[in-house]
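In what follows, structures are represented as structure tokens.
In the two complexes below, subunit A is the common chain; its partner is subunit B in one and subunit C in the other.
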Partner chain A sequence: GACRVSMSMTEIRAGFTAIKANIQSRDPIRTLSILSHPQSLHKVKSSDRCCITHHLFTFYVDKVFKHCRTEDSFVNRKISSIANSFLSARRKLGQCREQNNCVCGEESTEKFKQILANYEGLNVTSAAMKSLGELDILLDWMEKSR
Partner chain B sequence: SGELYCSLPNPRNVHFESINMKNVLHWSAPEGTGDGVLYKVKYAVYGVGKWIRKPECRNINRTWCDLSSETSDYEEQYYASVKAFLNGTCSVWMETTRFNPLTDTKIDPPMISVSSTDKSISIILTAPEKWKRSPEEESISLLQVYPGLQYNVSVLNKKTKKRWFFSINNNTLVVPWLEPGTVYCVSAQIHVTTPVLDSSFSKEHCIATLKDK
Partner chain C sequence: DALLPAPQSISILSTNMKHFLTWSPVIVQGATVRYSVEFQGEYEREYANGSWIPISECSLTTATVCNVTEDISATVAYRLRVRAELGATRSPWGTMKGFFNRVTTSLTPPLLRVLADGYHLLVELADMGPAFQFRVLYWKKGHESRVQQKVMKEVSSMVHLDTMEAGAEYCVKAQTHVEAINRSSSFSPTQCVRAQRDTSGWWL
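Here is the complex of A and B:
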């Protein structure tokens, strides 16, 4: 069956919008993207969407949010609120995978490898801050493919 | 090419102004410079390694540049930059923040068409179209761009001043049980749930219900 996970996109969007300018201004690298280049998320086949989403939630929970502490407590609060939403969504997606409703095809595995390679091409803090600044790329893709 | 030593003050407030994804770069002239300042513009797709010059905005004296064509793929994000020149000197390049056409555009109100019977009015709403290069190009409704697009509709009884609000997903609304021979005024707004985008309310369209038979 299909894997349907409910999460409050409006809340996450609002949280990200509130800190977007702050976070993106900490990322001076225009010529690299973690999520959207060289291959766009929008090119991922629908059958692989669930698996990529699970991979990406795991990526953000394990490799991004924890490396994005700032000197601004407002920004930190927004980041942890987004992180909590991702944590619960990842748990639900994990259950989907256990029930075999979230199959990983070759394409999603390749795409995620590329995202990790982009991430590992930078030092941890820069890579994490850039990934956080690209959250709207992930949200845009998720909403478009709802 | 060897760049001149750039001692000119910088262009200020370099930013995109976007309506229905017509994306125009705007800026203010450098502080304290009168006439005669010329500008160059370049843009970049975020994540792609090169800046691209905009020939139509080279050595211009106006303070805007239409980059709609260059930023029409709303699955990408962009930066743009402006440099000023005057009397042989120049400013440094001044950049926008990262521009996401999908979330950073403003949306026009919907178009409304209204008809009436003696006891009801029917409202048909049309979402604006995404900017396009030419009339011949295929039209894309913003409905296709934003799957979560809804309409908020306000209906006012001009006699009693009573107002109703409706929130609908599809583009037609029939308001029943109205008073015959009465003027009702309709206004509507587009509301996108996520990303959160709201148009202003349209101007009012008034229509009278038919008199009692």
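Here is the complex of A and C:
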């Protein structure tokens, strides 16, 4: 179902852009993708977007950000900014899902399972850093599918 | 080693999405006391074991104010704390009472300048940062029922609102809107200007 949630994509994008090079330099495994393997997010049907976006926000909040603490105070501050923005957005998305009864289709459920499998296939710190480094894939997909 | 008291009267001044933490100075005769500030968002409380994050620009500062705008960058509840430091001695943390959510920032009306350039009604708005949009209302004086609106997501120097009727007076007012917190300021005072008179006629 449609979920129009106002969230500060600009702020999240700015926060990520500020640390992208630093985060991606910590990801030695370039041949693998967590979000795009085997299929791109762009294959997700529009009716499933609300549900999979909520799943992905939960994935980042529950599994990714907490394992991305670095020795760099600036990077940690930006990760905090992104994490708190995701928390705020996920809350709105959750409310929206309930009101609109956005159910997950079979395809998107499968897609999200694949993302979790890709994540669990690596050790937790590498998986978290790779996922954070792929944040622009998620942001691009969200902006494209507005 | 004398104990250093924690800073007191810790509060946030927040206007137009700019947030400043302030506190009372800790006085030690003949010594320069320094301060360090940390913040904690809802994410840190709920998912990161209540961890605190230092703000490097306000580490070992002698000021009693810290610009926390960059770090209060999500619409969630934040906590903030300060401690005093003198050499190796550190005070306990002084934690601001309650939480701060940027949704409570006070929004002031925008500063604008209205000009009549011949028959053209122009407006110039002061830039207030990327978070701000502007809603400009304009109308011909005496025709208050026919107000027109222009929404500007970004501020460019001068904006053309309308082409005016010769000699007529037009009025303008504006308010800001911040999408991140879904709130608007009150309207600015109304400003009115008069279009140039019709100069096309031949007067004998």
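As a working rule, the second predicted complex is superposed on the first by the 143 of 146 C-alpha atoms of A that agree within 3 Å, B and C clash if a C-alpha of one lies under 4 Å from a C-alpha of the other, contacts with A are read in each partner's own complex, and residues count from 1 in each chain.
We adopt the following convention: a residue touches a chain if its C-beta (ideal position, glycine included) is under 8 Å from a C-beta of that chain, and two chains touch if they have at least 3 such contacts.
These numbers come from a predicted model, not from an experiment.
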First, second, both or neither for A:139, with subunit B first and subunit C second: first
Partner chain(s) touched by A:10 [first = subunit B, second = subunit C, both, neither]: both
Which superposed partner A:61 touches (first subunit B, second subunit C, both, neither): second
Contacts of A:39 with subunit B and subunit C, given as first, second, both or neither: neither
A:88 touches, of subunit B and subunit C: first, second, both or neither? second
Which of subunit B and subunit C A:24 touches, first, second, both or neither: first
Interface residues of subunit A shared between complexes with subunit B and subunit C: 10
Subunit A residues touching subunit C - in the complex, by the definition given at the top: 6, 8, 10-11, 15, 61-62, 65-66, 69, 73-74, 76-77, 80-81, 83-88
Subunit B to subunit A touching residues, read off their complex: 44, 46-50, 75-77, 79, 97-98, 100, 102-103, 147-148, 193-196
Interfacial residue positions of subunit C with respect to subunit A in the complex: 39, 41-44, 46-48, 53-56, 70-71, 73-76, 78, 130-131, 179-180, 182
Subunit B-touching residues of subunit A, taken from the complex the two chains share: 9-10, 13-14, 17, 21, 24-25, 30-33, 36-37, 40, 42, 133, 136-137, 139-140, 143-144, 146
